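Shared chain: chain A. Partners: chain B in the first complex, chain C in the second.
Our next item is the complex of A and B:
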């Protein structure tokens, strides 16, 4: 049982990797960006766990800045993904413009909230 | 009619339909604005009721001192001696809106006073709200339904009751914000555009600024997302509509001082975070499913499931522990009373004492949404016919708001837009089918069916639909105009309309294979028009008669048909303003706190904000105590004047004697020596000769009925319809200084302390009942202001 699960996991890992290798480069860059944002958020959570969340608004804006960036990047990724049939008539330029606008609003709010 | 001809005609008609829709919307806006002006025409341009006076005062401060002083405003004229931090405890949306309006108008050299701007803010925003309804319904079911819904919302009585000119309250702008936020959410859901998602968050921010009811949005949208996920309707558009809204919305909500960290700390908001996590998991699953082969996906599922369930359990356990560790389980009293309708009356008398927090009665549904109540089920069915993400949202909206309106009368206001949207959909679908059948029967086109059937897949694509629905709308508006005129004209108009129907025929009748007989459909159309007419008549009546009274100016019909005006409140406040020192403190029940600070500009002890229960209980205790004890409490609070509202002479039912039991209850909740049964004779609240001595000796009784017997010699109270119990008595610690024309407001001055000492010495010698003295000492100890 354990052996078969291990094998399955390995096969799964392989097929995931091969499937992901087919992803276009621009999507991979976005993925990297998302991973980086999530990683930063995790660092902040770890820091909060060790030191405490005293300036709570700073902590909150830090975390939400990372989460927000990641979420918006995921949205962008969904929109510029060529394989996604739902967004066929949305030009990638428009998607990037929306992304920038949304990020602008997000970070203006965060700067305001940072205290 | 050849095919090419139809196509050309269709584009022309499409353009024509848009122009027509624009003008109809404009008219709906004008209608929504002007139907709310009855109060100005019948009375005058004044601010109504209680809370609006506070908002008005805040707006005045804002326009005078600017935004920064407003955020830092510490108000020392209320809640004496505690004061209140206005900037941090008020929902600033309404004030900022009116302040901005005033500023814009003034910089355009339109010199309107702040009061005028405040009075007309609510009607203006109700016009915006009906436009927002149009857009929302258009996203759900096409422009025809949108126009019908907008017209219905423009005059729904429930909304009128909160937004007549002068009713300058948070709900006036909040309903617009609510509908607009929903519209942007649906729009984002339909288009999947981040652009709209951004605006959705900003509109949510405006809603958070405006009203505490924003928690409805932040719970309803996650519910809808969850519903979509559970029913297998997840799409990447859903992710784009929801995930940015949570992040941006939470941050923006935390910017509003009154919400602050509550946006992440209270469990009203936890649902959205939970769904936020869920949607990420679901998105990941869908993504992996997309790139993997089905067999590998199955393997992945079995692997992840075993790990995932354990993690989920841990997370939920942590969440529950966090929530349970907070004192009220993280829910504030008002929200708890939403979930458990009996919560407030059991634990928080101050919430239960407000009449708008009571559950509504059945007639109030008929009064407030009228025929919409019958159309809503039809609308729900129409929403299911092709169930889309948008229509499932509307269905969820109506279901939840029906529940909430059943808990609190006030939340009927949230139900009204949903009911209008549903009824708009129902009406337009019905007209669609009926007029379609008429056209089919009259013209007998059947060969073009296929062509018409091709174009009706998406709600907004067919010009045919938009056009066919338009007539019903213009009928509505036409009706409103004609209802004032003669009925003959109305009939003419209807006939004309029907001709328009027939002339603008588009052969699409058989597209649903639901062709009704000609007679039946004509009768159906006629009945629907009749229903609409009934609704309009009711709305106009409600706007003119039921909901436009400003409550600070009262009127009554005299026998000869004339109008008698009771302007006692303003008389009393003006007296206070002109005849008392600037720093004098005025005590009254909390209902009149806002008005006293705004109109008389005097410091009050408690006001309608009700943030400090103990303080209100102190005033309640004073009102329910005998004169001497009350004097001591008031004196310790630095009170110079006591104001009571008394309706016994003219029959004004919402006076202090009728509110008195709440004072006893709230006072007794904090100071246990005040016991409700002491004021009731056999469980009955009475003020006649059968009343208990405690009642007859209470300060409220004495201040209300002092010298009352001199008016008619018998002391007959017209509200309670009985003769009062104790007619001849003197006040020992208070002096009557002012009583208004109709005795509705009576103002007493506390006698200076010197008299008290003499009187006390005399009294304690004459009667030494141990019970009363022990009571008195207990009270002195209980009084926190001693």
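Our next item is the complex of A and C:
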């Protein structure tokens, strides 16, 4: 039983990997960006867990910038994905412009809150 | 000030100014007097804060203008009598102002009022408001003009007199005062026996004998004057005794000579009581209740104060040592006795040492309160106080610098991972436009975004929010314009590719 589960897991993993390889390159870039943001957030949380949350506003702004930009990147991915029927008429450049603008506003707020 | 100049103008121009103009000025004067303010005791004054001068200067300038106007104008200005009298009382009641200019204003105004053609106020004053029954003083009243010259023939009547603060009927009604022409006083000769010691309010009225004078002089109706009737109070039956508690039988009893020297020595223990009693009466024989009747027991380490209560005629205080043991801090020993009796109308108030009492109190238990330590210097409480050192919130513990730097490096790691990943994915710049104009826009777009990020870094390091927002506004508009151009160019090329 255990062996079949292990084999099943491996098979699942392989199939996922091959499916992912088929995704267009720009989507992979966006995925990489999301992973980068999430990792940065995790490192900040680990730091806070070690030294305490004294300048709490700084901690919050750091975490929020990572999660915020990750969320915006996910939105961009949704809008740019050609398989997504909802956003068929939206040109990807427009989505990219929105992404850039929202990020700039987010980072302004972050910088203000950083202290 | 305006009135004075106007009066000067009128006096110079005299006949040429029509009567209607003068009437207009008179109306204005009356309106001005509507804004007059008054204190509760009947003094009137003007209080307009013009150029920082106080009410004295304002009022005096009004008075001077008014009298100058009245002395030149034909026809009289009708003003309420109270106002004139009130103004005079104001000038008389403010004492001597410190400034020479103010003093001149005061005296000048009083002389204007004295010589004015409007109305001359008559002031009723008492040289002494304290009348002693024991010395058989007589109440004297003097009536003069504002600066003290003689008044026309008149009579002063005491309309009524009543005890201050009480609503009882008055004690004296309608008594005329006899005029003493030598000293120019009006004297109230016989005080009826119903007037005893205390604080009274006498109401006087001036009655002019010559009715012609009523047009010239202003008397001001009834004047209320507070008068103190004082006397030497008799103290009788004063004694101090030590009583055995419960039974009330007298252990020792000594007679006291209050008002003269006294030195009794008593001894008591905590089971006994100390009783002090006396009687106070006025020259007319009524019982008298003084404002203060205080008994003080003084030990070298503490002192205690007790009030002497009264019941009808007799004043008595009983100190029950059994109940007071804790208040006395269980201190045995010699206590000096001091009695103070005083009142405003009592001429022989005193604060007298009566002697001492040796008190024998039981030992103090463990938890008994101790008396406050007496400082050596009784004025030390007025010296500088102990310095207060403020304790501020201790700053938070910060992590070590190495740890923070290590984590900084660790935070930058994902970014490097991102770049590596990008390279592995094979990013390229193939879509970068080659034609010069779009290429320039593309470059400007990236430069714009980079500059905004640099602005954010500068904002964190140095700038405040408002300058940042201003710069951001400018940069943002630029970036949006450029971005719009490049992205629409890219969109059009890609759509061309799709359609092609």
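Basically, the second predicted complex is superposed on the first by the 115 of 115 C-alpha atoms of A that agree within 3 Å, B and C clash if a C-alpha of one lies under 4 Å from a C-alpha of the other, contacts with A are read in each partner's own complex, and residues count from 1 in each chain.
Everything below uses one rule, namely that contacts are C-beta pairs under 8 Å (C-beta built on N, C-alpha and C of every residue); 3 or more make two chains touch, one makes a residue touch a chain.
Just so you know, these numbers come straight off a predicted model, no measurement behind them.
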First (chain B), second (chain C), both or neither touched by A:43: second
Partner chain in contact with A:60 - chain B first, chain C second, else both or neither: first
Partner chain(s) touched by A:112 [first = chain B, second = chain C, both, neither]: both
Which of chain B and chain C A:27 touches, first, second, both or neither: neither
Contact residues of chain A, present in both the chain B and the chain C interface: 94, 97, 101, 112
Interfacial residue positions of chain A with respect to chain B in the complex: 5, 8-9, 11-12, 15-16, 19-20, 56-57, 60-61, 64, 67-68, 71-72, 74-76, 78-79, 83-84, 86-87, 90, 94-95, 97-99, 101-102, 105-106, 109-110, 112-113
Sites on chain C touched by chain A in the complex: 396-399, 403-404, 407, 410-411, 413-415, 417-418, 421-422, 425-427, 449, 452-453, 456-457, 459-460, 465, 468, 472, 476, 480, 483-484, 487-488, 490-491, 494-495
Residue ranges of chain B in contact with chain A within the complex: 192-195, 197-198, 201-202, 235-237, 239-240, 243-244, 247-248, 250-252, 254-255, 261, 264, 283, 288, 290-293, 296, 299-300, 302-303
Chain C-touching residues of chain A, taken from the complex the two chains share: 25, 28-29, 32-33, 35-37, 39-40, 43-44, 47, 50-52, 54, 91, 93-94, 96-97, 100-101, 104, 107-108, 111-112, 114
